[in-house]
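Below is one structure. I have some questions about it.
Should a chain be cited, it is by its letter among A, B, C and D, assigned in written order, with residues numbered from 1 in that chain.
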Amino acid sequence: MTEFFKNIPAITYQGPSATSEFAFRHYNPDEVVLGKRMEDHLRFAVAYWHSFAWPGGDPFGGQTLQRPWFGDSMDLARLKADVAFEMFDILGAPFYCFHDADIRPEGATFAESKRNLDEMVDYLGQKQADHKTQLLWGTANMFSNRRWMSGAATNPDPDVYAYAAATVKANMDATMKLGGQNYVLWGGREGYETLLNTDLKAERDHAGRFLQQVVEYKHKIGFKGAILIEPKPQEPSKHQYDYDVATVYGFLKEFGLEKEVQTNIEQGHAILAGHSFEHEIGMAAALGIFGSIDMNRNDYQSGWDTDQFPNNHAEKAVAFYEILRAGGYTTGGTNFDAKIRRQSLDAEDLILAHVGGMDTCARALKCAAAMLESDEMEAHRRDRYARWETPAAQAMLTGGLEAAAARVEAEGLEPEPVSGRQERLENLWNKYI
Amino acid sequence: MTEFFKNIPAITYQGPSATSEFAFRHYNPDEVVLGKRMEDHLRFAVAYWHSFAWPGGDPFGGQTLQRPWFGDSMDLARLKADVAFEMFDILGAPFYCFHDADIRPEGATFAESKRNLDEMVDYLGQKQADHKTQLLWGTANMFSNRRWMSGAATNPDPDVYAYAAATVKANMDATMKLGGQNYVLWGGREGYETLLNTDLKAERDHAGRFLQQVVEYKHKIGFKGAILIEPKPQEPSKHQYDYDVATVYGFLKEFGLEKEVQTNIEQGHAILAGHSFEHEIGMAAALGIFGSIDMNRNDYQSGWDTDQFPNNHAEKAVAFYEILRAGGYTTGGTNFDAKIRRQSLDAEDLILAHVGGMDTCARALKCAAAMLESDEMEAHRRDRYARWETPAAQAMLTGGLEAAAARVEAEGLEPEPVSGRQERLENLWNKYI
Amino acid sequence: MTEFFKNIPAITYQGPSATSEFAFRHYNPDEVVLGKRMEDHLRFAVAYWHSFAWPGGDPFGGQTLQRPWFGDSMDLARLKADVAFEMFDILGAPFYCFHDADIRPEGATFAESKRNLDEMVDYLGQKQADHKTQLLWGTANMFSNRRWMSGAATNPDPDVYAYAAATVKANMDATMKLGGQNYVLWGGREGYETLLNTDLKAERDHAGRFLQQVVEYKHKIGFKGAILIEPKPQEPSKHQYDYDVATVYGFLKEFGLEKEVQTNIEQGHAILAGHSFEHEIGMAAALGIFGSIDMNRNDYQSGWDTDQFPNNHAEKAVAFYEILRAGGYTTGGTNFDAKIRRQSLDAEDLILAHVGGMDTCARALKCAAAMLESDEMEAHRRDRYARWETPAAQAMLTGGLEAAAARVEAEGLEPEPVSGRQERLENLWNKYI
Amino acid sequence: MTEFFKNIPAITYQGPSATSEFAFRHYNPDEVVLGKRMEDHLRFAVAYWHSFAWPGGDPFGGQTLQRPWFGDSMDLARLKADVAFEMFDILGAPFYCFHDADIRPEGATFAESKRNLDEMVDYLGQKQADHKTQLLWGTANMFSNRRWMSGAATNPDPDVYAYAAATVKANMDATMKLGGQNYVLWGGREGYETLLNTDLKAERDHAGRFLQQVVEYKHKIGFKGAILIEPKPQEPSKHQYDYDVATVYGFLKEFGLEKEVQTNIEQGHAILAGHSFEHEIGMAAALGIFGSIDMNRNDYQSGWDTDQFPNNHAEKAVAFYEILRAGGYTTGGTNFDAKIRRQSLDAEDLILAHVGGMDTCARALKCAAAMLESDEMEAHRRDRYARWETPAAQAMLTGGLEAAAARVEAEGLEPEPVSGRQERLENLWNKYI
C-alpha cells in the first residue's frame, strides 16, 4: 500500500441520510434497477489521465498538483499504477480507461515508447488479475506530443500517418491483451487551425482510410470489443472533423463504416457543438451508433472544455433516460472524463469528486428508470405520433409527392395544430426527480 | 412606375472614387474576371422576403416599416411585384428568389392559396418577360403559418405532411414555370423544441422520405434545376435537423440522395453552428454538395440570426476564394438573404443596402480571383501535402495498419514537425485585399 | 366567470406523492421555512404580458395562440383582466405585474392611451379589492411601438425623451394608485444597433438624468416602493446600456443613484451576459442593490432570450441560497417572466406551466433554507477567509503597499496554496437537494 | 549578435506593391497622418511573453517551440533579452512590454526572484540605452505560479495579499527605473471558480484597497506613468472581477479611483465579454478611462482567448477610429498581446506575424484618419443628435419628469421615427477602407 490515500476508507453505500462525506448516498452497486444491478447498468470507469496524469495546469498557469508519482521513469509509472488501483478499490469502480501516454513514460524513440508500453501492460495485467477493476477501453494519445501538432492520420506529412498507424496498432494490441471492451479514437488534432493551409478533402480521405484500416485490423486480430469515435467540435483545433454525432455518422457512411464504428459521447463536447447531452445520445441511438459515455459537465458560462464532475442529477436523468431508451450499454460504460479543479489539491478531493459524480449518476439512473417503468412519457410520445400508424399515412410515405398532395385537395385538409405540451412533460419529469 | 423609388437613379459602376452614394464602386457587371463577366460569376439575386415582405418586427417590437403594398389583397401583391421589379432594375440584378408566402396572399384554404399563387406566377412571368431579372430559385414558406408550428414533413400529424407535400409540389411547379434554376428547401421547423415529446428517428425518416419524393417529382416533371437544402442549426427551433453541411451530408447519404441534392449555404447559419462561412463552403465542396449561397452576415456579438448585409470584403474574400476553388456556381448564385435594420425606414436604405452588399461581394471576388490567379496560396498548399504523392505514402493507404506501422520500425521514423506558416499565409491574403 | 379555465380546479398543495397534474407537490403557502411562510418568502407574481398579451410569435412565425380577449378594444381589455384574475385565483398567486401595453389598448394619441390606462387602472383596482392578488410592480412598455425603435430616454430625438417621461410618469402614478410595491424600468431599446450612428456619452447622460428624474418624482409623490432597473446585455438591441448588475452599479454610481435604485434580476439575462443567475444575485447583494427577481430560465443551447419556465430545482436552489443570504426579498418578489412555448396552445398548459414553475421554486427554496440552517456551507466560507480577521491582516489593508511588502521580506513568506474544495462543496449541496 | 534571426533583414517600408514578405506595405513610421508621424500615433509595443516566453503549449499539448533561450538560468534570461532586442531592431518597434516572469527566472524565494529581477532590469536598462526600443509598460505575473491559484489581492490567504503587494511594488520600481510609461494590472486570478467557496464582498474590498495602495505608492515614488487595469471577463477564472470596461468603471467609482486609473483594452477580452472591440474603446472614452490597447484578435468561432495577430484592417479601422475620436494615445500604445500559432515554429514566423500585425494596424489607422478628416461620419452623428441642442430639449434635462411630460400633452407630441441609416453608414465606411 502507498501512503497517498491513507486514512481514506473504502466507499460504501450508506443511503441518503449518510452523515460522512466518504459514503455513497445513492450508488448502491447491487441494487436492482429495471432487472439489472446498478453496477451493471452504470459500468463506471475511472479515467487515468485526469486523475493520475494531469498536473493541474491551464493556459495561464502551471502545475498545482504535486503527486509523488509525477516524473518520467518506469518506477514512477508503476507507483502511479499502484495508487490508481488503490483508488479503484476505494471507489469499487468496475472499470478504468487509459491513453498510452498516461501509463508509460514517453521514450526517446518509438521503439522505446513501445517497450515501456509493453512493460506497463504486463504490470497492469497483473494489477487487473489482483483487483476487481478491469479495462473498459484503451486509446492512444495522439495530440500532446509536438509530432502530432498538425494532426495524426490527417497530417500533411505521411510519416506522421505511419507513426499514428504504429501507435494505434500498439494500443489496440495492448487493449486486447488487457481484455479491454472497447477501443476509442478521439481526433484531438484531426482538424485544422486555418483553412488557408488545409486540404480538407485529402485530410478527410486519409482519416477515412485510417479508420478502415483500424477496423480491418480489429477483425484480423479478433478483437471483440467495439471501435468508438469520440466527437468533439473544436479545442484544441479550431475545427475538428469529428464535430458531433451527426457529422461522425456522415463520415462513417462515406467510408462504409456505419455498422462497424460507434460513438463515445461526452457532455462537454456536446455543449461545445451547440447540443444538449441528451440530444447527442438520442441522435446516436436514432442513427444506430450509440456506444459509450464520457461523463463530465461543462460550465455553461465557459466557452471551452471544463471537464467538471457532474453534480446535477436532474440534468443527468434526461441523459440516462435516452441511454435506457436506447437499450443501455453493451460494451460501453460511464467513463469519468472529468477532472478535479486545479485548486482541489488534496487526495480527499480526488476521491470525493468521484463519489459525488457516481452518486449523481446513480440518482439520475434511478429517476430515469422510474420514468421509463411508469411509461408515462413514452405513452405520450406514442400517442403524439399515433396517427402515423394509419394505412393512409403509411401510404403517403410509399407513394409520391403527388399522391400526398392529392389528399389535401381531395379531403380539403386544413390541419389544426395540437399543443406540444412541453411544460406538462417537464412537470412530469419533475415527478420522477 | 410606382412612386416608391422615385428620384433614385439606376445604379451604375462609377469606380472606387465615385462620389455619389448611388453608384457601384466595385461591381462592374461586364468586367471580366478569370475569363468570365463579374455578373456571371456573382449571379446576384434579391430576396423578395426581407426586402418586400418583412415589416420590421423583432421579438420585442412590431412593425416599423410602412410600405404601400403591405396588406393581404391580390392588388397589393401585384403592387409589391411592380415595386420589386423596379428595384431589380435599379440594381441591375440578374436574379431574384421568393417563398410562396412572399408573393401571394394566404388564402382561407389550400385551394385559394394555390389559386393566388398561380395568378401571381403568371404576373411574375410577365414581369420576367419584360425585365432582365429572372428567377434564381423558389421555395415554400413552411414555417410562418401556425399549421407548421410542430414541423412540416416532420410533423407528428401526417395531415401536415400531406399539406407540406401539396405545398412543395405547387412551388416546384411554380418555380419550373418561371424558369427557376433551383428549388430550395429550408427546414425552419423541421427540428424540435424539446426531446421530451419527439421521436427523432421517425421524424428523420419522414424528412428523408419527403426529400426522396421531392427528387422523384423533380425528375418526373423534368425540372432541370438543382434541389438545394439550406442548413441551419437552430432558430426558430431549438434544434434543426439540417444543422450544418456535414449533418446534411450524412442525412443525404442515409437516404441515398447525395448525388441528387446540394446545399444552399448562409454565413449567418454557419456562424450559429460554430463554423466560419468559408468552412461550410469548403466542406460542401469537399463533399461534392456545394450549390448556392445566401449572402448575409451575422453580428458576431449576437447569438441569433441577424441577417445583415455583408460589409467586410476582407472577410468575404476568403469565402469567394472557396467558391472559386470549387469551380464557381453552376445553377447557384449569390442571394441576399439579408435584411435592412428595422430602423432603416427609407426607400433609399433598401437600395443602398443592396449597393453596399453587391460592392462588398464584387470586391471580395476580385481579391479572391487575383489570389487564385497568382497561385501563391495553392502552391503552398500543394507543397505542404506533396509528400503524399510518393509511392510509399500511397502504398500506406492501400495497405493495412500493420504495413504502415512497419515503416516506423523499419525506418526508425521520428517525424519532425514543420511550421504551418499560418501568419505568413494571412499576410499573403492581405497582399491581395 | 369566463369560460377560459372552466374545468380547471384551484391548485392546492397535495404533497410530493400527488397523482394529479393540477396540484402543488412542493409549494405549500403556509408552510413555515426559516421562520416565515413560504408565500411570504417567495412572493410569487404572475406576468401579465407573456401569459395574457403574447400571441405566440417568433422571428419566423406568427401567432399560434388564440385567445378570446385578443384585440384592441376596452371590452377585450376588461375580459383579459377577468381571465387574468381567474388564473391568479386558481394559482393562489399573491402578486401580479404589468406593462401599460399589457392592460390597455394603445390609443391613437398619448391622451387616448392615457385615458385607456386610467380606466383600466380603476378596473384592476376593483379586481384587486375583490381578490387576493395584488400588484408587485408596474412598468412601461417603451420598446414595442415603433416610436421607441431608437430608444426612449436615449433617443436622438428629444421629443421621444419627453414621450418617455410622460409615459413613465403615467405608469408610476398608476402603480402607486394600485398599491404596487415597486416600479421597474427595463431599457429594452436603451442601447444601440451600431456605434456608427451613436453618441455613447450623450445617450448615457440622458439615461442618467432620466433616472434621476424618476427618483425625484418618486419622492415627490411619496411612492414608498422601490425603483428597480432590470439588467440585460442585448436583444433586442445589439448592446444595451444596462448590461448586467455590475454595469448598472457603475451607472448608478455615476449619477449618484446607488442608494436609490436596485436591480430586478432575470436568469435569462444573466446567461446572455455570460453570468450564472446566482452570480448576478450575489453580486447585487455585495453591491447593496439587490431588489427582485424575474424568474425564468434560458435554454443553454440557444443564444437568445427563451424565457422558459424554470424546471430544475437543483439549479434554482443555488439562486435562492444567494437570495436568502442577502436577507430575502423586502419589496421584491419572484415574478414569472416566463412564457409557455408557442406550441403550448391550451389553457391547461398556461396553468400547469405556472404550477411547475412555482413547485420548482418552492423546492429550491426549501433546499436553500435547509443548507443555510445547517450552516455547513457558511462555516466553510468563514473558515476559508478566517485569517483575514487577524490584526496583521487588517493592518495590511490600512497601511500602504510598502508595509504589506515589508512583511514578505521580514517574515520570509512563501505562502503554500490550500485546496479550494470545490467538489466537496458541490457534494455538500447535493446533500440538501 | 545571436544566430536566431540570421538572414532576416531589418523590415522597412516598401509600399503596397512590395514583393518581399519581409517588408512593410503600409506601416511607414515617418509618414504624417493627421499631423503626427505614424510611429507616434501607433506606438507599437512587442509583448515579451508570447514572443519570447511562451513554449507553444495548449490544454491538450505541450511545448512545440524550441528556443535556445528556454530554461531557468540568468544566462538564458540575458540571451533571451539579446534576441528580443534583435527582434525589436528588425521591426523598428519603439516599445516593448513585460511581466517580471518573462524577463527573469523565478527564484526559490521572493528575495531571490527579486534579485533576479533587479539584475535583469539593469541588463534591460543597458539594452534600452543602446537601442531605440523603450518600455511601454511593465506588469507582474500573478497568475502562473501555483501560489496565485486562488487569487492575488483577492486570495483568501492574507499572506498571498502581502506577496502580491511585494511583487507589485517590485515591478512598479522596475518599471519606473526603466522609464516605463505605464504600469498595468491584469487580474487573471482575481475572480472565482465557484461562488460556493467565495466571499464576493470581501474579495472586492481587498481588490479595491489593493488598487488604492498601488495608486498611493505611485504618487509616493513619483511615477509619472498611468496605472492601467486590463478588463477580461473570464479565463482562466470562471468569473473575473474586471469583467469589462463598464464593470471596471463601477469598481473604480466604488473605490474613488476613476480619476487615477485607466483601462488597457484587448479585443479578445472584449469579445469574450460579448462586446465588440470598438465598443470597449468607445465606452472607455465616454467614461474617461481610455488608456492603452492590447492588440490581437480572437477567433470568432472559438470560446476562449486565442490571442491571434490581427489581420483584418477593415475590422480594426473602426477600433482605431474610436481611438482617434478619443484623442489618440497619451501614455498608452498598441501592444501586441498576440501570439503566433503553436504550429508556427520558425523564427521567420515570429517576425512576419508582427510585420502583418503592424501593417494591419497601419492600414486601419490610415482609413480611420481619412474618415475622421473627411468629417462625413461625424457630420451625420452631430446631425442625428442636433435637436438636443435646442433650449427646450436642454430644459427637459434640467427640469423634472413632470415638466418633460407636460410638453407631450401641451404640444400633442407624437414623434415620428427617423431612419437610423445603418447600411448607408456602413457603405460610407467602405469608401474609406
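To be clear about the criterion, a contact is a pair of C-beta atoms (placed from the backbone, for glycine too) under 8 Å apart; a residue touches a chain by one contact, two chains touch by 3 or more.
Listed by chain with UniProt protein names: A, B, C, D = Xylose isomerase.
Here the structure is a predicted model, which means the values were calculated and not measured.
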item	value
A-B or A-C, whichever has more C-beta pairs in contact	A-B
Centre-of-Cα separation between chain C (Xylose isomerase) and chain A (Xylose isomerase), whole angstrom	38
Mean-CA-position distance for chain B (Xylose isomerase) and chain A (Xylose isomerase) (Å)	36
Where chain C (Xylose isomerase) touches two or more other chains at once, by residue number	64, 146, 149-150, 193-194, 234, 239, 272, 274-276, 301, 341, 343, 417-418, 420-422, 426, 429
Touch-based graph of the chains, sorted into line, ring, star, complete or other	complete
Contacting residues of chain B (Xylose isomerase) [partner chain C (Xylose isomerase), same complex]	56-64, 143-146, 148-150, 188-189, 193-194, 234-236, 238-239, 272, 299, 301-305, 341-343
Of chain B (Xylose isomerase), residues touching chain D (Xylose isomerase) in the complex	21, 25, 64, 271, 274-276, 300-301, 309, 311-315, 340-341, 343-346, 348-349, 352-353, 355-356, 359-360, 417-424, 426-427, 429-431, 433
Sites on chain A (Xylose isomerase) touched by chain B (Xylose isomerase) in the complex	109-111, 146-147, 149-150, 155-163, 165-166, 168-170, 193-202, 204, 206, 209, 213-214, 216-217, 220, 233-234, 239, 243-244, 246-247, 249-251, 253-254, 272-276, 278-279, 282-283, 285-287, 318, 322, 377, 380-381, 384-385, 387-388, 390, 392-393, 396-397, 400-402, 404-409, 412-418, 420-422, 425-426, 429
